[in-house]
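Here come two complexes built around subunit A, the first alongside subunit B, the second alongside subunit C.
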Partner chain A sequence: MNEKVMQKRKWQATLFFILIIAVTYLSAFITNFNLMEGLTAFPQAIGWIFANLLITQESLEKLPTILEKLTETIFMSIAATTTAAVVSLFLGIMGSKTTSINGVLSVAARFIASVSRNIPVVAWALILLLSFGQNSVTGYLALFVGTVGFLTRAFIESIDEASHSSVEALTATGATYVHIVNKAVIPQSLPQIISWILFMIETNIRSATLVGILTGTGIGYTFDMYYKSMNYNAVALVTFSIVIAVIVIELLSNYIRKVIL
Partner chain B sequence: MALLQVIELGKSYNTETRVLKGVNFDVKAGEFVSIIGPSGAGKSTLLRCINRMVSISEGSILFDNQEVSRLKKKDLRKLRTDIGMVFQHYNLVPRLTVIENVLHGRFGYKSTLQGVLGRFNEDEKARAFYLLHKLGIEEHAYKRCDQLSGGQQQRVGIARALIQDPKLVLCDEPIASLDPNSSKIIMDHLKSITSELGITCLVNLHQVEVAHQYSDRIIGLNEGEVVFDGPNHQLTDDKINRIYGTQTRELITV
Partner chain C sequence: METLSKPTYMKRNRDGSILIKARSKQQLVMRATIGSLIILSLIGFLLFDYTGLDLASAITETAYNLKVMFVEPALNHFSLGEAFYQVGITLGLAVLSTVIGAVIALFLSLMAATNLSNAWVSKTVRIVVAFIRAVPTVLWVLIFAIAAGLGSEAAVLGMLFHSIAYLVKAFSEAFEEIDKGIIEALQSTGSNWWHIVTHGVLPSTFTYLLSWTFLRFEINFSVAVAMGAAAGAGGIGFELFMASGFYFDLSEVGFITYAILLIAIILEVLSTQLKNRYFPASVRSES
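Entry: the complex of A and B
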């Protein structure tokens, strides 16, 4: 009996691999993608990158402007994340099964989270661009909306996981709802919540670049400007500074996580 | 005068299964009563009906001459303040300190604002330390609860129930997750709640021997019905078989 099951599993695995290969070929065929052509173009592309994307003395002169835009972007991401976190915490408490007040609010919270999460940040940026125009408020709002969706979902999970039993105990002591949320739910899920906020700040700095290109603000705009004026050396410098910033933020948040958990 | 009267209590979570059927019993003030029965007999549900952690489907519960099932928000809160509860998994807030967890028991007496700001007066704090001292875990007062052993955490749970100044303490399988040594310590403490402080105790238990040793009275529950109710010396092997069903009993003795 067991042997048969094992054999069947092996067959299933083989079949699965064949299927994947077939699908790959099919999609390559439909989209006219040629692997060999792609590979042969590779050395040339690398060559171009090394020839043009070099940080030169000349581009370094632009560093102060770039750094200024970069800090602006970082602070906008942080502001968007923290303000979104406040809204998400409220929605998360409403949406979580252990702490929800009533069904209507719970469904509403989950619905808001789902809608804002399932539309990508870039799409939000484009939609908001139409109504708010090309300014930093648009970028902020795009990040804000996307973050609310993601964080609400994450907070619901954290709250559900962390605090069911203590909520029961505090209810049994005659504590009020506000007591329970403040003294049991939040203290217990706080490390998780902070961890998610840090994660979202990192993600948002990355997305902010893309959103900036679309909405014409922050480091994204700088990138776009140099790119369109074919100043590739400056583009390289912008990219490099973004990478450094993201790595520094990531190291910082990893350190904070280690301390609080 | 009975402190607690359970009259024809019935509870069903859905239309098909009735967890409790026509349960009747009284508990006098100062009694130590154990409820025994197999898993799924409705012990936990019965306990949670008393402080309305689950709603009551049929019948009525009188606690201190109040009809529990009809209490509105504010009175329900008052009722829960009078009834302490101890849980199998302790149900503390693990990241908070022992003393904070003990003081959680006072929330029933606090307004929302007082509770949120954590305003506890000196008497309450002194009482919390006194209880920790009595339970032998005073030196752990400023430790986080997740650093304590199971037996110590359960003692924090007991302190949290006692600081409520309850008239009744409900214990839901208080020793089911503990080793024999810690179990004995916990049961001794629970017993002294009744004998020294005069607080009534209603304890769900799995172990018949423990119930026999500590209780004034035992109630046997099987499939949501009371099949035995009497002083512990009346609980003969024959009666135990009726509560658990013969097969279970054989399993234990093997």
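Entry: the complex of A and C
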């Protein structure tokens, strides 16, 4: 690296930072965001949180209802993730270069995954809400579609990453396609696949809260109800129970990951 | 001839036949995980609340709705210019929360990296970050909306929390992976902590940090859409919520969905290119 290259790099870095600052300013202008206001609002907000979001005896009485809704949400995200994983595994096998049957199916699988992934879960929830109405199935389907998109991409990557040598070895013995997928591809990528599924369950519990606010189901709706009736003690309790549930599931899946990977 | 007199140990079934598959802990845990996930899903389906659901008509209706959305997209309640402006607001919220989040995360991740900080500071930062990550973004935004008043400040503050948590994890892992020799070499010249960071750590991890930040920007775009719809943060997400929830205007929902899809795909293509260029290993994204 000589002096000229260093000079050029310095210039590039400076230009880059100027660009970032300009884009940030533009964004602040469009969204009416005032940094000073944001900075002063922050300590106030934290103060407000510590003053108002307290769990009281009164709110603890609501714990059974909250826990019931929370389990409903957790079950919904697990069901959505598991069923989506089955579909994604199929799409993933179709979409991966190692195992695809033909080009058309492969492109179709990737296309389905891309569309369902890139339309946000909120949009799916709102679209499905129109005809499915306010029940768990709407939330389930919205999570299902988003999860299929994400997991298909992840599975395609995991299958591509798994070593080709065992596939080659099985091909050499004259194994059929089903045998190859069953005995070489899936066993090799299974730890990765399970790890992705666990990751998606954690993510889906958080998304389920969001979807619940829109579709009127599960813990999201409970939160929204207490939030709108300004029962902040109950809001705090709902938030804490979500935090505990998410952390427990995260610890559990970290343990599983440590063993299988 | 030793082996003949002392037969090799083989795992056998109870009836004496030789086990073909080794029962390792790994396989046991994998089976247990898959099994329990299937059982939990089945219980989940039984527990669902099916009020007011008529599956057959719902499916045909959704098919019809999707057809109207994707075949006849149109704008009825606002102009094309307005649509661009709303998309701009959503992108703006994503930019602000990503840029500010990256700056704050940079300092926090220096404290969280085990090779640059002491043990308990790094532990404290990690625990705080784990707690922040566990609260869904929409709850942060809604809480800030009452605590700090409505407006883009509340949305950006709420979205900042998850951006910081995500980036601190990514950044500190990048810092921990750098060559020990770089830090040692600088230490031996007598440079202080700040010099080590600015001349050793940051230059060698800069491209990683940028790629992670861009990945987070991609996520923040869809988060910003969601916040617009669920927390009234404005932007294209809010228009989507209005079009589907208040006007029941499917063509408009279709147009907005197309707009979101277009931008999301552009961002995804860009970040995939960055990812292939700077890190081939697995990269996880989350919302």
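Observations
By our rule, the second predicted complex is superposed on the first by the 256 of 261 C-alpha atoms of A that agree within 3 Å, B and C clash if a C-alpha of one lies under 4 Å from a C-alpha of the other, contacts with A are read in each partner's own complex, and residues count from 1 in each chain.
In this section, contacts are C-beta pairs under 8 Å (C-beta built on N, C-alpha and C of every residue); 3 or more make two chains touch, one makes a residue touch a chain.
No experiment lies behind these values; they were computed from the predicted model shown.
Within the superposed three-chain model, A:168 lies in touch with subunit B and out of touch with subunit C [touch as defined at top].
Once the two complexes are laid over each other on the shared chain, residue contacts for A:83 go to subunit C alone; subunit B is not touched. In the superposed model, A:48 lies in contact with subunit C only, and not with subunit B. Of the two partner chains, subunit B is the only one that A:188 touches; subunit C does not reach it. Legend: residue contacts after superposition of the two complexes on their common chain; A:32 is shown touching subunit C, with no touch to subunit B. Measured by the number of subunit A residues touched, the leading partner among subunit B and subunit C is C. Once the two complexes are laid over each other on the shared chain, residue contacts for A:176 go to subunit B alone; subunit C is not touched. Shared contact residues of subunit A, touching subunit B in one structure and subunit C in the other: 190-191. Listed in rising order, the residues of subunit B touching subunit A in the complex are 51, 53, 77-81, 83-85, 87, 89-96, 100, 104-105, 107-110, 112, 115-116, 118, 157, 160-161, 164. Partner subunit C is touched in their complex by these residues of subunit A: 20, 23-24, 26-28, 30-34, 37-38, 41-42, 44-46, 48-49, 52-53, 71-72, 75-76, 78-79, 81-83, 114-115, 117-123, 126-137, 140, 157, 161, 190-191, 194, 197-199, 202-203, 206-207, 209-210, 213-214, 217, 220, 223, 227, 232, 235, 239, 242-243, 246-247, 250, 256, 259-260.
Residues 163, 165-166, 168-176, 178-179, 182-184, 187-188, 190-191 of subunit A are the ones touching subunit B in the complex.
Touching subunit A in their complex are the following residues of subunit C: 25-26, 29-30, 33-34, 37-38, 40-41, 43-45, 47-53, 55, 57-58, 61-62, 65-66, 69, 85, 88-89, 91-93, 95-96, 99, 130-131, 133-139, 142-144, 146-149, 151-154, 156-157, 222, 225-226, 229-230, 234, 237, 240-241, 244-245, 248, 250, 253, 256-257, 260-261, 264-265, 268, 282, 284, 286-287.
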